């Protein structure tokens, strides 16, 4: 139904309409987990993964809900299914691969009940993406989130050694950097057309 | 253009300094008079202090051993003068502390004949004999570190010394000690090399000399005995070419591993003055009791190279050379790595290669420190390829452990190139010294 | 109809969810002592390490497992310590509170410099340059690294550039001990009131030219003290705190006030014979 | 401390009871609200759509929604999905035009719009942007700029002889340089957005106009049959 | 787990704390996404604030009344269910009230579900307190959230559109600052408010230190 | 000998200093910028003059007043803020309302520099932050360009320059597109001769490509600029656009046009080289330049905007900590380390 090309979906989700910097989704973890580069990288990976999972979940639920004629349960089923799927995955990883768990798993609970994940599920349904498009959309959104997070972390690590005025330290400076990144990302406008 | 610069081997990075050597490099070495009192510290070297073998009031003759080595990493001290032991007590040291020393008062009437000892005959000695003789002569590195030379010559099991490298680079501005020694004690140098080659088992020796001392290169080349496997190699004029790591890289294209020793690449580095001293003393079985010192700098009236008895108080030495009343800073060593002195009462020791004195005219108010602008001048200067800018920022934030763990702080050998070039006047080396001290403290704890 | 669909769908979904959770809880239940969190919450969370553990969480675990006692935390209030003890049902195990003491009294008004240090204004930097230029090599350089490093504001530089420790605020975290290049700080139980605020290892009255309050190693304190209480080492009196040491006897005849008595309120008592220096201007630098 | 001595095996019945209980409660609540608001929302939606349709088809007074069936034929629907057209009729039940929804990428995000096509005049007679995220004060001039909107009062979409393609594809030109009836006069400062409108219209009209013309009678007659 | 030295609280306390001391936006910095996304005009900000307050109030009430009925293991899942229900309700109600507002707020109504703040209040407060306290807490937090949103929305609308609540404030010639309505402006405005608050706090602390020191 | 009673000064080694200092470097940058500024005034007359003065003054005053308000010594003496101000002015359209110039200057220096801790700590180029803010806030004013060499440019100011504070500017003179906008929106290619001579509309200082290069060479010769950055940028742009031009000359402009049109020269030579926000190692700088060049080409050829130098540099600024992290010189005596 939606005729956008996969490439354009990806570029739009990752750069032009970056989830954090243009859509304001997932700001809390973006501010919270971007102070250290290493955690940011791992968090970025975890987000990409969860986005994929939730994209698949949302696609499935939407089909089911349309079939039983209960679109009004969309929100509640999305959130419940996504949250529990991710939790199961988390437990599974914990059991099977402690290394992977330490690298990514500890972030999973942080992400499950997060705007970006639910936003992805809602947007992909609203835009009427088919399965392939939905997957690419999730990949793009996840990559964009990870990119923003990693750029932010780099700058924040650098600023950690700066002698900023006291009032700026902490969240305020993170927001300033986010604002500047958001201005810079405006350069990508029109790329996905 | 590039080929011109590339004519002499060198290392990457480093800085070009105004060399300020013309004042003294033409001055022949002159003998110094004896001071009214000489102060021989018991710790003039890295390692354990030596133990006095004389009592207060005892008479000693010049060259006699007055303090014995305390173990292997230690050297004996020899009387620089014939006279009496006035007392054994504390004396100020370069570091500002009070350390034990032997005070000697020369006999005014003595001929100051140097006592002859048991000669070390090179043909009949085993390498171990030579090492023992070097220790007995009280020889330490005269290049500045004052590390007991004989310790370096004893490789741990399994290591082979392949190349003996004689360090005649003398890259610090103002200093010309090694330059003069190379010109005037050419034969001593070669004799010393002969001893060292035998002691270490190295198959060849290379003398590395900065290309601003080509006369020394010629002199040494001309005097090479036929049977001695020595080559004399000029290297590019660049600071800190004289650091042993840089010299090894320039001449052999090998890198001493991080926190390793030259030995790890089969090299032992000995300063040329140290070598000459070995060559001068060992055939006579004497001990080291005087050394060549450059005294230079704008505040000095009679700049030059002097052979000065160990233990001569600096104040006395400076009186002899007409120090300007306007003196404001005196450094031991060159201006790049030298220590500023807080007092003129310290004695001249074996590690002293020179003094540079500045008047208040050169001491313009040191420009105030500004934030690092990340110009990367320091990055391009550091011969160890560290990132002094990052290290400086971390130091300012007291992140000492990160400096050591992530940014190789402990590899910094404090050459000062970074601080020299920094347009923001950040005291980088000073911060690194502090950081290293704290890291060492923490690692020891 | 709609209600039925909805109830059916959501009921089914929650049934599934509950089953998942039940299974997960059975398979993957990890017993972690909840008291860790509770005790951690009760700690001051300043992660100072004074307790000897890497951070408050580790200390909390040690408390719960009985490895340590609440009293080891020096930052906490008595009330909170008791609360933790009460919660865990253990003894407070309070050790005597420790504070740092400074072994130097040579402020700029009584101790001279020999050379003028003009580099980076930090004791650690200065100490690396010929010891910092102070006449007394062992003495405090007065550039306040300890004041800056103290997170608890327990150290303030006096107007004579000598650190003054506020015993109330000092948590014995040891940061100043590490930072001081002259190693002038050491930890002491607050009950140690007899104190030698000097570290000069030289002897003789010539010292007084460099520092008017230096210990000249005259040994009068040794003579006046009960036998065995004070011995001389490196020309400095050493108090033996093992035995009874609550006496002001040794300070009485000290000519320079290099041995003192510290009142519980932090006031310093010097012997009657000690010189009184009223000057507050710094002494001029003087070469010797 | 009750929790610390918790059994390793959590209680099963309370978990089912509370989760399913809450689930059912929630379902009931949602359905109640949904049922209560559904007609209002539907009416709101219809009104909004109606308003839009009457804006792009100025002469229409009544609207009938058609769907394209089997890619060939239009059939009136009440609430269908898929490609929808809204035929507008005047007071005399004569077909005055067809309102078509179209969308495409704008400057910031997708723009969706509705335009009215008049089969009689073979022109587009109105256009309204339904949703857009174009920059306020800049790209959103495509919704507010009078001069720009005036372009769509009569925009030529005549078919060529074959009856399957437009004679001239719609295009956006630089502001003030419009010279042909199939051109849209762009907006300086919002070139991208105004070009996007042109592109959306061009693509959509190239597809729909031939279809509509071919099956015009479906719409004309169907409309009357379906009239309430 | 009752902490021994938890200070006793009063109902007023629970209500007032959300307004300033523990303001969810300016102090706790929670629930940032809707704050930034829908604060480009004062009306949107107000609507969002009220919607959030409503959801928080209702879910706090329900959570608090069911708190003894929900076992620990299914706590989070139950809370999410409850919250999602009320969000769905709000979603439909707003769509019924005004389609225009509904479109302006976009997906962010749905996203109230995942607003960290609401789950946080349910978990940290409602599950441990009685209905009355839970309601007061929700109201306080909700109003604090709304006020903060209005602070942002006001600034952004005034500069970005030259109006407040849709009423033009300046003469025709006013040049709007488009950036303020764009994402970057959202970040900058919030940063600006935080800066201002930090600065005022610092000033007050400095002043109180001065007061302590002067008697000497 | 020292006079009696005189004490020695002690300080740490090294006791020698090279002559370099921050203010000398910055003053040299200002000197290198002078020819461009003069040329801009020649092209655009009073409009350029007023823009440059307003930009510089607003930046310098902002820094001065902020330092004062925070009880710090003023740091304008290091001249870095003058560089920021002049460069910022050079990136603005001549004739931009003065009040907007001031808004951008205050934002650039206040938000982009001061809040991050002042000189040396700004992770992004302050001048570009000022410009990016203006571009986002007043996109129309920031894309309205006067044609160069207007007859009355030395006697009258364009009406827009003196627009009342907070009011929308009115343009009485016809404005013309920049070469890049002309290409992107109208498909018109500017004559190469005009391009090389700089006789086109555009930002105040972006047109005089030759003078920009000359200023850059001066700084490179004095070791005050890292030549790798402009070299890498220009090379990347040239190569990429050459490839695309070869593939389809109809849709992609030729490489010479790409090099000389728009702000590429000014950005590559004077803005990407801001050492504070760029990587430190040679290889890092090359990579950074490559990134900027590639972004410029992508934005110009496929993006919505005609020009992308500003965005490319800001994005690359955000990448530069990562470049520094990944590309570290191999420390003497260590193995080549794996990137973390």
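Each chain gets a letter, A, B, C, D, E and F, in the order it is written, and its residues are counted from 1.
Throughout what follows, a contact is a pair of C-beta atoms (placed from the backbone, for glycine too) under 8 Å apart; a residue touches a chain by one contact, two chains touch by 3 or more.
Here the structure is a predicted model, which is why all the values come from computation and not from measurement.
Among the remaining chains, those touching chain C and also chain E are A, D, F.
Taking each chain's centre as the mean of its CA atoms, B is the chain most distant from chain A.
Note: the chain lying farthest from chain E is B, by mean C-alpha position. Between chain B and chain E, the centres computed from C-alpha atoms are 69 Å apart.
Each chain gets one centre point, the mean of its Cα atoms, and the points for chain A and chain D are 30 Å apart. Chain A and chain E have Cα centroids lying 22 Å from one another. The distance from the centre of chain B to the centre of chain C, each centre being the mean of the chain's C-alpha atoms, comes to 41 Å.
Among the residues of chain B, those touching two or more other chains are numbered 339-344, 366, 371, 427, 430, 433.
Touching of two or more other chains is recorded for residues 2, 6, 8-12, 111, 115, 117-118, 120-121, 133, 136, 139, 304 of chain F. Of all residues in chain E, those that touch two or more other chains are 1, 73-74, 77, 81, 84-85, 88, 92, 178-179, 182, 184-185, 188, 195. If you sketch which chains touch which, the pattern fits none of the simple shapes: not an open path, not a single ring, not a star, and not all-to-all. Chains that are in contact with each other form these pairs: A-B, A-C, A-D, A-E, A-F, B-C, B-F, C-D, C-E, C-F, D-E, D-F, E-F. Those residues of chain F that touch chain D in the shared complex are 139-140, 143, 185-186, 304. Every residue of chain F that touches chain C in the complex is listed here, in rising order: 2, 5-12. In the complex of the two chains, the chain F residues touching chain A come out as 70, 111-112, 114-118, 120-121, 123-124, 129, 132-133, 135-136, 295, 298-299, 302-305, 308, 310-312, 314-315, 317-322, 325. Listed in rising order, the residues of chain E touching chain D in the complex are 1, 66, 69-74, 77-78, 81-82, 84-85, 88-89, 92-93, 95-96, 99, 103, 160-161, 176, 178, 181-182. Across the interface of their complex, chain E is touched by residues 111, 115, 133, 136-139, 141, 164, 166-169 of chain F.
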